[in-house]
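Structures given as C-alpha cells follow.
You will see chain A twice below: alongside chain B first, and alongside chain C after that.
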Partner chain A sequence: MIQDSVLGPHKEIITARATDKKILNKSQDGGIITAILVYALEKNIIDGTIVAGDSQEAWKPEPIVATTKKEILKAAGTKYTMCPNLAMIKEATRRYGLEKIGTVGTPCQVMGLRKMQAYPMGLRNVMDKVALVTGIYCMENFPYDSLKAFIQDKAGTVPEKVTKMDISKGKLFIKTADNETAIPIKQTHGYEQSGCKYCMDYVAELSDFSCGSVGAKPGWSTVIKRTEKGTSIIDSAIEDGILEVTETNEGKFGLEMLRKLSTNKKKQRVKNVDKALTMGLEVPFTRSDLKEDILENR
Partner chain B sequence: MFEKLMNILKSEENTEKKSSPTSINNGKKLKIGYIHLSGCTGDLMSFTENYDELADLLDAVDIVYGQTLVDCWEMPEMDIVLIEGSVCLEDAHSIKELKEAREKSKLLVALGSCACTGGFTVYAKGGQRAQPQHSSFLALQRLVKVDMALPGCPPSPQIIKKVILAAVNNDMDYLAPFMKFTENQDACGCDLQKRIINQSICIGCGACAAACPTRAMTMKDGRPSFNCDRCVKCGLCYYQCTRSWWPIDQIKKEMGLE
Partner chain C sequence: MSKTITISPTSRQEGHATLSLEVDDQGIVTTGRYYSITPVRGIEKMVIGKRPETAPVLVQRICGVCPVTHTLASVEAIDDSLKIDVPKTGKILREMCLNAHMINSHAIHQFLIAPDFVPEQDYTQVVKNVSEIRKQAQYVEDVIGGEGIHPSDIRIGGMAHNITKNTKNKIKTRITGLKGLLEKHVEQMAEYIEQKEFPDNLGNHAQPVLATSNTYGSRQNINLQSIQEIMPSSWYTDKYTEQENEEFAEETKKTAKKIGKTACSQIPLYEDTPVETGPRARADKFRKFKDRGVKAQHLARAQEMLNAADRILELVDKIDPSAQTMAKYNLNGTDRLGVGVIEGPRGTNLHTVKISPEGYITDYNAIVPTTWNIPTMGMATEGTHYEYAPDVIRAYDPCLSCATHMIVVDDESKEVLKEDMVQL
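Showing the complex of A and B:
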C-alpha cells in the first residue's frame, strides 16, 4: 500500500474508460462507476446498489436502490447537489433485502460509510452487508438552490432543459440541447454548502477504488485502486473487457494536475479548520499545528 | 498417598491451564457481568444475538453475573460489567445494585442509550402501573463514574461484539471514543441541529437518517429534518454522523488501508 497524504492510500493509479458505448453516452466521463456497478451486479459481487436517482424535480437527485442494469444506467452521470445516499443503507437491507450492497459516494459520504462500518452503533445487521464502496472525486457540493441560481440566473434557462452539467478546466458547464454556458468556478464560490469548507478529502481516500476526470484526457477517467477488493474488481473488469486502459499521463495535465488540485483543496481546508477551531466551533478535525502532515485527512 | 494426590491435582491444574486459550488478557479469562436496570431488555437481546459468533470468545470470557444468564445471587468481583437501562431514583434496589457494581468492577460500561444518557426513559413522569411512584430515571453517570458509554437503541450486535473483542485484546484505541461519550449527559435528535448544522459542518450525507431507529430523522433538501415527537433520545443520529467525531486511524486499520 502506497501511503500518500495527497491522494490517500492506494495500490495503483490507472487511466481507463468503459467499453460499453451505451454507458459512455450516458455517463459523466469514463463511465467507470456505472460500468463497475453493472459488472459487479452481473458477477454477483453485489445484488443491488444505492445510487443517485431522479426525483420529481430536474437535477435534484434522490437516493434509490438499483437492482437492475437499467436502473443503474438511468442514474449515471454527475449531479452537482447533495444526495443523501447513506440514508438508504438500512432500507437497502430491510425493504429491498439486499445481502451484498454496492455503494457510490462523494469523499464525505465514503467517510461516513467507513465510520459506520468501523463503529456500527445503530444499524443492526446492516454494515456487514456492504460489499463494494466506490468513490468519486469532489471539490465541493452545492445546495439545490445554488444550482438553480446558476441555471436560471447565469445560464438563463430552467433545470428541465439542462441536458448535462460538468465541472472541468476551471469552469462549470451547463448544457442544453442548443446552448452551452460556461461559468468560471470562481463565480460559484460562496454558493457551495458550508460543510465542504472543512473537507480534507478530494479523491475519496477511503473507498475501495475512486475515480474522476481530473488527470485524464476527455472521455477517460483516472482510477485510483485502493483496497484489495477495489483492486481486484478493477483488474478483473479490465480482463473481462468491461474497462479499457490507456497510458496514464504523469505530467502537468495528468497526475500532476490531480495532485495539485488535491493539495490546493487540503491546504485551503486546513486553514478553515484552524479558523473554526479558534472560533470555538465543533469541527471534528485536528488543528494544523498538531498534525504531523497537514495534508492528512484527520 | 496424600502427596501423590496433590501432585495429580497439580498436574491436572497445569494441563487445564495449558489447554484453555488463556493467552489473551494475561492468561486470565475476563469476568463479565450483566446488570439490568430500567430498560426494555433490547440491549440484552442484542448482546445475546452474538452467541453463535461469540462461541470462540466464550473461551476468553466468563459471564459471571446476570439475571437470566447466570444462576448467581451474590454479585462477584468483575472485570467488566455491562449495565443496561437507566437508574430509577425511587427504586432503592437499583441504586444499591449500581453502586455495588461500581465497587466490584474494574470497567463499568453503560450499555445502550438508556444507560448512557437516559434514552426514552427521560420521558417518564411516574403514574404508571405497577409502580406509579417510579418517576425519575437518570443516566448512570449521574450517580456513579461510568468508564465507557456504548449508545444505541439498542446498540447493534456487531458493535457489542467489537467492543468486547477490543476489551479482550486490550485495544484501547478502538475503545477511546466510548470513553469520551461518557461526557454526554443527555442526547436528542436536536443535537444534530445544534452540534452539526449550526456549527456549519453538515454535509448532507444521510448517515443520521440511516442510524435513527424510529424514523424521527429524515432527509429534506440535503439536510436532516427532525420530528421531535418520534425521537427516543438515543443519540445515534449524532454519534453516527460523519462529522461528529472522526476515527480515521481505526478506519484505515479495519479497511486494510494502512
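Showing the complex of A and C:
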C-alpha cells in the first residue's frame, strides 16, 4: 500500500476503459463504474446496487436500487448535482432484501459510508451488507437549483433539452441536440453547495477503488486501486476482458495533472477549514497546524 | 408445619419477579404466588392525548423481546377503532412478520432453557443452531417490518410498503432452507425434554386455556365482556388465605398482604378464572395437542416454530409484489373502542384504544400475555416439590416488563392512596 497524502492510500494507478460498446456510449468517460457494477452483479459479488437514477425532473437524479444490468445501464453517466444515495442504503437491505450491496459515491458519500460502518447507529443489519464501495473524483457539486441556473441563464435552454453535461479542461459543457455551451468553471464559483468548501478529498480516498477522467485521454478513466477488494475486482475484470488497459500517462496531462488538481483542492479547502474552526464552527476536519501534512484527509 | 420459601428475583426470564411459596413438611408447595416486581414505565398513560400514529411507536418500546407483537396489536386496535380496512397484501405481510418473530422469540427461549435440558456435550451445537435460526427469522422480520427490533414499517392502515419480487424469492429460499435445520432442532429439543426427569404432574393445573388463533390473532374469538381485571391486593389476600392452615393464618395473611402491595400487575380473569395462554394454549385449541404441564409447554413451543415456518411458506406465495399494502384513512375517530388481538410468542396480547373525533387517543389499555399467565403460574407450582418451581415458571417464558402496573402509595405512611392501577 502506498501512503500518499495527495491521492490517498492506494496500491496502483492504471488507465482503463470498458470494452462493452453499449456501456461506453452511455457512460461519462471510460464507463468503469458501470462496467464493474455489472460485472460484480454477474459474478455474484454484489446482488444489487444504489445508483443515481432518473426522477420526474430532467437532470435531477434520484437514488434507485438497481438489481439488473438494464437498470444499472440506465443510470450510467454523470449528473452534476447531488443524489442522496446513502439515504437508500437501509431501504436496500429491507424492502429490496439485498445482502451484498455495491455502492457508488462521491468522496463525501464514501466518507459518510465509512463513518456509518464505524458507527452503525440505527443501522442494525445494514452495514455488514455493504460488499463494494466505489468512488468517483469530485471537485465540488452543485445543488439542483444551481444546475438549473446554469442551464437556463447561461446556456439559455431548459433541462429537458440537455443531452449531456461534462466538466473538462476547466469548463462546464452543456450540450443540447443542436448547440453546445461552455461555461468557465470560474463562473460557477458561488453556486456549489456549501459543504464542498470544507471537503479535503478529491479522489474518494476511502473507497475500494476510485476513478474519473482526470489524467487520462478522452474516453478513458484513471483508476486508483485501493483496498484488497477493490484491487482484486479490477484485476479480475481486466483478466475477463471487461476492462482494457492502456499506458498511463505520468506526465503533465496525466497523473501530474491529477496530483495538481487534488493538491489545489486540498490547499484551498484547508484554508476554509482553518477559518471555520477559528470562528468556532463545527467542521469535521482537523486544523492544519495539528496535522503533520496539511494535505492529509482528516 | 408450613413455611414460606421466597425466590427473588426469579432467573432466566425477561424482567423481575418474585416467587413466594408456602410449602409443607415434605417440601410440597401448597400455595404458590408469583408476582412481578418490575418497575412501571407508564406507557399506556403516555400515549393518551397523542396522535394515533404515536401509539405503535411508543408501545413497541414496552418490551425489546416482542416489539413486533405489541406493534401489531396496537395498529390492529387503531385500525379497528377507525374502521380501516387493511389491504389483503398488508394483512399477509403482517402475519408473515409475526410468524418470523414467533420463530425468533421461541428460539431465544430455547437458549434460556438450554442449561436445564441440553446435555453439556451438545450445548454448543444447540446454541449455534439457535443463533442460525434467529438469523434467518430476523432477516424476514427485517425485510418485512423494516427493523427486527422495533419494526418501523408496520403502520396504521397496513404496511408502509410491499416487498420486491426478489425479496419474496429470498424469503422463500431462506425459510425453505431453515426448515431442515428447524426440524432437526425441534426433534432434538423434544428428545431432551422427554428425557428430562421431572415429576409426572409438574406444572399441571386445572385452569382453562385462552387462545384466539393458530397463527395470528382474532378479535372475534375473544369476548371483552368476559374479561375482568382485579387488584393484586385483593387477589393475593382474599383468594388464598381462606385455604391456609389456621395455626399460621395470621402470618400468611401478613405475607399475602405484603405481596398484594408489592405486586406490579393486575390480575386478569377470563370468565371468572385465571387462564393459561401461550404456545400450549394455542396447540390445545387449534392443533389437537392435549398434554398438560411443563414438558408439554416446552414441546408445544418447539413445535410451534415449525408451524410458524410452514405458515410463512404458505403466505409468501400469496404476496403480489405490485399490490397496495396501505389503506387510505382519516385519523378522526368516533370514540369507538378498537380492539387489537395478536397471538404473540407468549400468548394472547390484547390492546384496546379509543380515538376522539378530533383525532387524539383518549383511552389505551393493554393486557399482555404474561399478565394473563401470572396468576396461573403461581397455581401451576402447587402440588410438586418447591425445587421444581423455577422450572414451572420458565415453562411459561414470562416476559414481565410488559405486564407491569402499579398502585399509588404514600412514601412516608406507606398507605395506599389510590387503590386503582395506574397502568403500564
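Criterion: the second predicted complex is superposed on the first by the 298 of 298 C-alpha atoms of A that agree within 3 Å, B and C clash if a C-alpha of one lies under 4 Å from a C-alpha of the other, contacts with A are read in each partner's own complex, and residues count from 1 in each chain.
Criterion: a residue touches a chain if its C-beta (ideal position, glycine included) is under 8 Å from a C-beta of that chain, and two chains touch if they have at least 3 such contacts.
As the structure is a computational prediction, the values presented were derived from the model and not from experiment.
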item	value
Partner with the higher number of touched chain A residues, chain C or chain B	B
Touched partner set for A:Thr67, first chain B, second chain C, both or neither	second
First (chain B), second (chain C), both or neither touched by A:Thr81	first
Contacts of A:Leu37 with chain B and chain C, given as first, second, both or neither	neither
Chain B versus chain C as contact partner of A:Ser194, first or second or both or neither	first
Contacts of A:Asn125 with chain B and chain C, given as first, second, both or neither	both
Contacts of A:Arg94 with chain B and chain C, given as first, second, both or neither	second
Shared chain A contacts, counted only where both chain B and chain C touch the same residue	124-125
Chain A to chain C touching residues, read off their complex	48, 67, 93-97, 99, 124-125
Residue ranges of chain A in contact with chain B within the complex	1, 3, 8-9, 63, 81-91, 105, 108-109, 111-128, 141, 143-144, 193-199, 205-206, 226-228, 276, 281-285, 296-298
Residues of chain B touching chain A in the complex	46, 150-159, 162, 177, 195-196, 199-207, 209-213, 218-219, 221-222, 234, 236, 239-252, 254-258
Touch list for chain C against partner chain A, complex	138-139, 142-143, 146-149, 153, 161-164, 166-167, 170-171
